[in-house]
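Both complexes shown next keep chain A, but they swap its partner, so chain B is in the first and chain C is in the second.
Moving on to the complex of A and B:
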């Protein structure tokens, strides 16, 4: 296998652009962790589930296909509420293990519902309209239009979330709940409403990421959920759990590393290196890139 | 009869996997790496018997030692992180192992046939038992002797000081540390012990199914492994055994007539149990004789 400098640069660019999807999923994990100090393992599954609902409704009522990208995120938000109710609402907040296991249960449940409804075969997913055809050239380097759109969306949503968290009353309440649960309740903050709104926000982001992932690959399949879950989690951990910009940067980095090793070592081995990257970080920087943002007792 | 032997074997492997996760849960570590150690044990002992023609007992032992060595290595970076981060790190470890075996090709010609791990095709022809004239009931009893030995060892562990040390670390790390317990030693040795048990389980699994591939070692199996002790509760080892019998024997085998819906039920079951019994299904200390004695004293 031979490749020049330009190939490496091109693959890094493609990877970083595709990494926006991991960044968005990692952002969702980090948001929920930041609010509740819990991992919602069913998060990527509900994102893909939302994309499926969008696709299903659009084909059922023969709606224009761009509506998939509108229905998908909303459906993912609704599925997230359901996941919150079954895996987090009733389990005592001190029992981290319990809600972790319950959300893994929800992950398998959503996956199996999808497999059951589609007989396990992947479906074709509509492309992202004009963005899919757009392809920019800069010298010898190409940029895929749809991936650039996802990346811009990811950066905008990061900005929106930072605004929501740090400049609104809702954000103030969310941070209060995450810092001192009991004190927040004593101040009259309805913690379940706050948690649900975090879940809905994360779910909408995830639904969008799920639709985008399916659109940029061209097919949607329940096989997407586990890799996206793991890579999103890795993005959240490398960025430092709870850190918003960390998740975005780490997600883009994972995309770049993944595509670089795809070029160098082939499709079968690339994920090994992504996972090894996590271990490198765990040994050298266990708190992640920006892990010191949230300090708790 | 073959069918029931199959179920018994299956319950045996899953019990061993569950027990290896149980040992780690005692120290408060939720590890999804057990399936990685299971895979290492399976491939290592399979390679030993198939390619090097080693005796099964030796191969199982060496496979388990190799698995526990990797567990030892994983234990150190895992020390620096806790709880949810450990879950993610161990998931990544299991996936690295799975992908490594997915890419491993090590074919050797034996008697005109190519044997050994063949990448995505899996590792076929691990035929030690058949080649040495073991009957199915020999295999089942061998597996269950190992299961009972491990069960007994862990039950005994709870009766000696080491068990209390493990539980002390699991209950409150800070308090354990301040009473002079060396966290590093405790956690790494629990990890190593768990790796050893999972390695034996892997070796037994590879030899009794005669075929393994990377699909046998997914995150789903890792989830099963930690689900058993969590469902069964950490009061004693028998909780894990009952949870395995309940899930593998009753739910998975008993509900075969449901077909596709059975898989839906599994996720739902975890959710329900966690909501209604967050501390595990079996919380009654069934074999705690000391309590009876105390009551008589009063």
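Moving on to the complex of A and C:
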């Protein structure tokens, strides 16, 4: 199939819009890394898990389906607490590899629980109401209403998180723990409470992202977990681990790059270029786009 | 269950067994394996539910008749091969070497079947080949031509080349306004991609449909011709994809009369929703056999409306309706893959009774060989929606099928080629 300039532009627009989901997941990775200097590999699994719990409870109790988007993030926040306890709290803080491996274990554990509870079958997920069918045309270019909604939501989330981190006592404490763990403890900051708060915040955000990802397809499946984990992690790394705006920008960029190469090189080569982008950043700009924001001792 | 048989051969086998004497068992064991974990878990769950229902039915009716005339119950163990080739091979080896199961049913995935059939002895009686010597009657793995990998492997799966050939012949006859085709598939799923690129497109071309952008190099009406070029000329996705904007736009832009969507339910729904959102629906859509399932009707009934799929199972006979109900009662659902499990259990029962099995654990190897011979001798079997013809030299089946289409949230029979 041949393609022209409009096709390329359209694929970039679609990709950037869809990249909002990667951005939200990347934001969660970066939040946790910023607070603990550790990667929580189970983050996207918790997010999808939350979406499943929301859907399950809404179905079980015949609740209005819009409540899935409320219950899902709360459930993801609770799952994140569990992940924190088993993968981080109970493992010595100096054992970074132990926490990393434990969170990978938690990822697969959550994934397998979902698969066993749902028999692996994709489940219908409520769509984003009027946004789901909305499709705006601007000349020859089309814009999906639900993805615009998700993108706006991502930008608002970024604003809320920046506000929480820089203009609240919780944010001050989080930054203190992040920058000098021991000093923060000596100042009486309860670091585990702060870490749990960060996990809950990131979990709620991820729960929204999980619900949005499922709503954008109208179906939820355990198959979503691994690709979203990988792309979200790449977004966090390219954006600069610990950088909030970096995660957002990199997430959108990855969506655009992914869709562009899908158009020009096909589905089998698409991800090669995304990983290539990661390697380029790791070699040429290892701290990512905004890595200098990480001010650790 | 089967009507024609190589009677003399089987009678001789049975007679020889009785003459030889020996202990008889009170239970005949069979084994099943399929995906019971991972994203395709529902396939294994459905197959096991129906195997259980079928074995319960056999046992309710007294069991299976052994060589000495006594009756034995049937029992089964079901293993999880998880759509993983290594796991499938390990299970095949374990069942063949560590259990007294006389025959296996499975696996789910064509990739597992292609890999694990290779560890069975290729030619019966070849002393230089130490491969597994246990018969296997596949219910689900449907990729074309797998059973001939070994003379111990048999399949009771739909013959997709035949089904799509008849489907496109029917479409060409009844819809003369449909002339051009375009399509896409999940490239990382063996069945979807293989059937699309080697069977479906070629079947369409065979019946006069034209690829929308002109002929694809090396692609003719022959199965498998130019399959790599089919894939590179199509707009494809992966099984775990969630964003289909580029593909749906390519489909819409093609302007073809008929779209071929060869994927499993998860991505079929995601893709169709994107296509619908772009208002890119064609005059007609043809789907993959595996998509004629409840999942698509749950996930995207509106968008799938009108999609046509050939399938070897639909609840159109009393027997098929009963199996569908039993599957539901056992926590599964009957579809073209899982329903074959019922037929397989009944075939196994009939073969055991025909060849004369004692169930004596000390004779497992010998009796497995007898059952294999019995399976190979079958010319026809009675399926849930009609008579199944065995392709004896290949170990394959030619199953009756119907064309269903998505209508008002259900798969309804659109055309019945059996009539």
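Just so it is clear, the second predicted complex is superposed on the first by the 297 of 297 C-alpha atoms of A that agree within 3 Å, B and C clash if a C-alpha of one lies under 4 Å from a C-alpha of the other, contacts with A are read in each partner's own complex, and residues count from 1 in each chain.
Throughout what follows, a contact is a pair of C-beta atoms (placed from the backbone, for glycine too) under 8 Å apart; a residue touches a chain by one contact, two chains touch by 3 or more.
Note that the structure is predicted; figures quoted are calculated from it, not measured.
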Please determine, from the superposition on chain A, whether chain B and chain C clash or fit. fit
Would you check which partner chain A:268 touches, where first means chain B only, second means chain C only, and both and neither mean what they say? both
Between chain B (first) and chain C (second), which does A:14 come into contact with in this model arrangement: first, second, both, or neither? second
Quick check for you: in the superposed arrangement, does A:177 touch first (chain B), second (chain C), both or neither? neither
Given the touch rule stated above, what does A:196 touch, chain B (first), chain C (second), both, or neither? neither
Now for A:161: first (chain B), second (chain C), both, or neither, which partner does it touch? neither
Which partner does A:55 contact after superposing on A: first (chain B), second (chain C), both, neither? neither
Looking at A:247 after the superposition, I want to know if it touches chain B, chain C, both of them or none. Which is it: first, second, both, neither? neither
Determine how wide the angle is at the CA centre of chain A between the CA centres of chain C and chain B, giving a multiple of 10 degrees. 60
Of the partners chain B and chain C, which touch A:224 in the superposed model: first, second, both, neither? second
Quick one: classify A:112 as touching chain B (first), chain C (second), both or neither. both
Quick one: smallest Cα-Cα gap between chain B and chain C in the superposed arrangement, Å? 5
In the superposed arrangement, what residues of chain A touch both chain B and chain C? 112, 115-116, 226, 268
Chain B-facing residues of chain A, complex: 33, 38-39, 86-87, 90-92, 95-102, 104-113, 115-116, 226, 230, 233-234, 237, 241, 268-269, 271-272, 275-276, 278-279, 282-283, 286
Complex contacts: residues of chain A adjacent to chain C: 1, 7, 10-11, 14-15, 18, 112, 115-116, 119-124, 133, 135, 142, 144, 213, 216-219, 221-224, 226-227, 255, 258-259, 262-263, 266-268
Flag every residue of chain B that touches chain A in the complex, lowest number first. 30, 77, 80-81, 83-85, 87-89, 91-93, 95-96, 99-100, 102-103, 119-120, 218-220, 223, 226-227, 230, 260-261, 263-264, 266-271, 274-275, 278-279
Name, in rising order, each residue of chain C that touches chain A in their complex. 35, 37-42, 45, 187, 213, 232-233, 235-243, 245-247, 249-250, 253-254, 265-266, 269-270, 273, 277-279, 295, 298-300
